[in-house]
C-alpha cells in the first residue's frame, strides 16, 4: 500500500494550482487524508484573512487525495463549502473523511481548521468513481511522466 | 455610481489570492458582474486541465464583486459548485447574477465558461448582507489604505 | 408535443406523495415547469407555517416535471434548498427553469413563491439524464399501467 | 433533561406535515437524533419507490429535532440532499449528528437508511441558532397550547 501512496503523492505533485497555493499532503490512511498549508500574504483576501477560494482549494484537495486513494480514479462532481469564521490564522489543515460510497458515487466531508484547531469551514464533496484498479492507476500515472 | 465602482475595484486589488490566480474584473453593472482569467500552467491540476479550486475561486470572486456592489458589505456564507466538463480552455469567464435578495440574505448564480463560451461549472452562493451604505463602505476602504 | 405532455401528466399522477401533498401541475413549456398547491393545515410545521419538507417537495416536483419533459428520463442526484422567509401563505407556486444541460447532467433552479409572489425559497437540483427518447418513455409509462 | 425531551416531543407533535408523512421520533441524545417511518403506498413516487420529497422531509425532521434539542431555538437556513440509491424499502430511519456549531451557525449531517441499514441519502443542513434557553423554549411551547 505504501507504494501506491508514493505513486499518488507523485501524481499530485503535478497539480500546479495546489503547488502555487502552498498545500502539502500530510497524511493518507484508510480513514482519512490530511493536507495543510502555511498561510502567507498571498493567501489573503481584501480584508486580510485567508481568501474563500484558498479555503475551498485546500478542502477540495483533501477530498481529491482521499477519494483517489480509496478508489482510483475519482473526479469531483460537486463541492459545497460553509464558512463558519473569518480565517485569521497562520496555518490551515484540511481533513477529509468519507461519509459513504455507493456504486459510482462517493460522498466525503472535509473540515478546514486553523492553527489552534478551530473550525473554519465545513465542506462536502460528491465524486464520481471511475473504478480503475490501483495497478492501472499507477501505470497511467507513470505513462504520463 | 462610477465612483463607487472605482472604489470597489481598488478594494478588490488588495485580494492577493485573486491576484496570484490572475483573475481580473471585466464588468460591473446592476445586472451582473463578470470576471475573467487567462489560463496558464500554474492553473492546472494533475491531469493538465484547470484545477477545481481555481474554478471555484473565479466563481466566488464574481459573486463577491456583484454582491458587494449591489449591497455592501456582503460576506459569503455558503458556496456550491457543480463541475460539468473538464476545463480544457485558454480563458475562463465567470458571470454572476443575483437570483434573490431577501433581508440579510442574498442568493446568486455564477456560471463559469471557457473560451468558446462552453459552460464548465454552475455555482450558487449564499451571502450575508451587513447593510453598510455605499458611502460608509467607501470610507472604510479608504481608511484601510 | 401536447401528446407527450399528456403522457407525462398521466405518469406523474402515480406520484402518491405529491398527491397527498396536494401539488398539481400548472404549466409545462420548453422554458419552464410550474406546479402549485393550496396550503392547508396538513402542510404546517410546529410553528404554524408551511413545513420545510413540503417546500422542498414542491420544488423537487417542479424539477422532476421540467427535466423529464425536456429530456426523459431524468433522476434527481442532488437537491439544495435555501429558506429565505417563514412561509406564511395560502398558496405555493414552484417554477423550475433549466440553467444548463451538459451530457448526462442537467442543472435547474427552482423558485418557490407565496400567494403574493414573495420568494420563499431558492432551490437547485442536479439530475442525471438517462437519454430515453420521448417515444420510449411514453411506451414505458403505458406498460406500467 | 428528560423533561426537556418530553416538551420537545410535545412541541413536534404539532408538526402536521411530519404527522401526515408518518414520521416518528425514535431517540434523542446529546450525540444524535433518530427519527423513522414505515413506508406505505402514500410515500411512493411515480416509479413505486419512496419519493424524494419524503426522503428530504424525514432528514430535515431529524435535523430539526437534534438542533432544537442541542440549542433551542434553531431554524433551518439551508438543506442539501444527495440520493445514492432508489429507495425500495419498507422502513426509513434518519440519523442526525452535529458536525459543528460555531456562534449562531450549526452544521449537521443526516443519513437516511432503509430497512437493511443500506444508505439511501446523505444530507447536510445549516441552521441558524437563536439562542433561547431551554427554560424559555419550554415556556414558549406551553404558551402555544
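Per-chain residue numbering starts at 1, and chain names A, B, C and D are given in the order in which the chains are listed.
The definition used in the following text is that contacts are C-beta pairs under 8 Å (C-beta built on N, C-alpha and C of every residue); 3 or more make two chains touch, one makes a residue touch a chain.
Worth saying up front: this structure is predicted, and the values here are computed from it rather than measured.
S.K.: Which chains contact both subunit B and subunit C?
M.R.: A, D
S.K.: Can you check which chain pair, A-C or A-D, has more C-beta pairs in contact?
M.R.: A-D is joined by more C-beta pairs in contact.
S.K.: Rounded to the nearest whole Å, what is the centre-to-centre distance of subunit A and subunit C, using the mean of the C-alpha atoms as each centre?
M.R.: 35
S.K.: Taking the mean of the CA coordinates per chain, how far is subunit A from subunit B in Å?
M.R.: Chain centres of subunit A and subunit B, defined by C-alpha means, are spaced 22 Å apart.
S.K.: Need the CA-centroid distance for the pair subunit A / subunit D, whole Å please.
M.R.: Centre-to-centre distance between subunit A and subunit D: 30 Å.
S.K.: Going by the touch rule set out above, which residues of subunit D reach two or more other chains?
M.R.: 77-78, 80, 82, 126
S.K.: Considering only the defined contacts, which subunit B positions touch subunit D in the complex?
M.R.: Against subunit D, the touching part of subunit B is residues 77-78, 80, 126.
S.K.: Looking at the complex, which residues from subunit A come into contact with subunit D?
M.R.: 80, 82, 84-85, 99-100, 102-103, 105, 107, 109, 111, 119, 122, 124, 126
S.K.: Can you tell me which positions in subunit C touch subunit D when the two form their complex?
M.R.: 11-18, 20-21, 41-46, 48, 50-54, 56-58, 60-61, 64, 75-83
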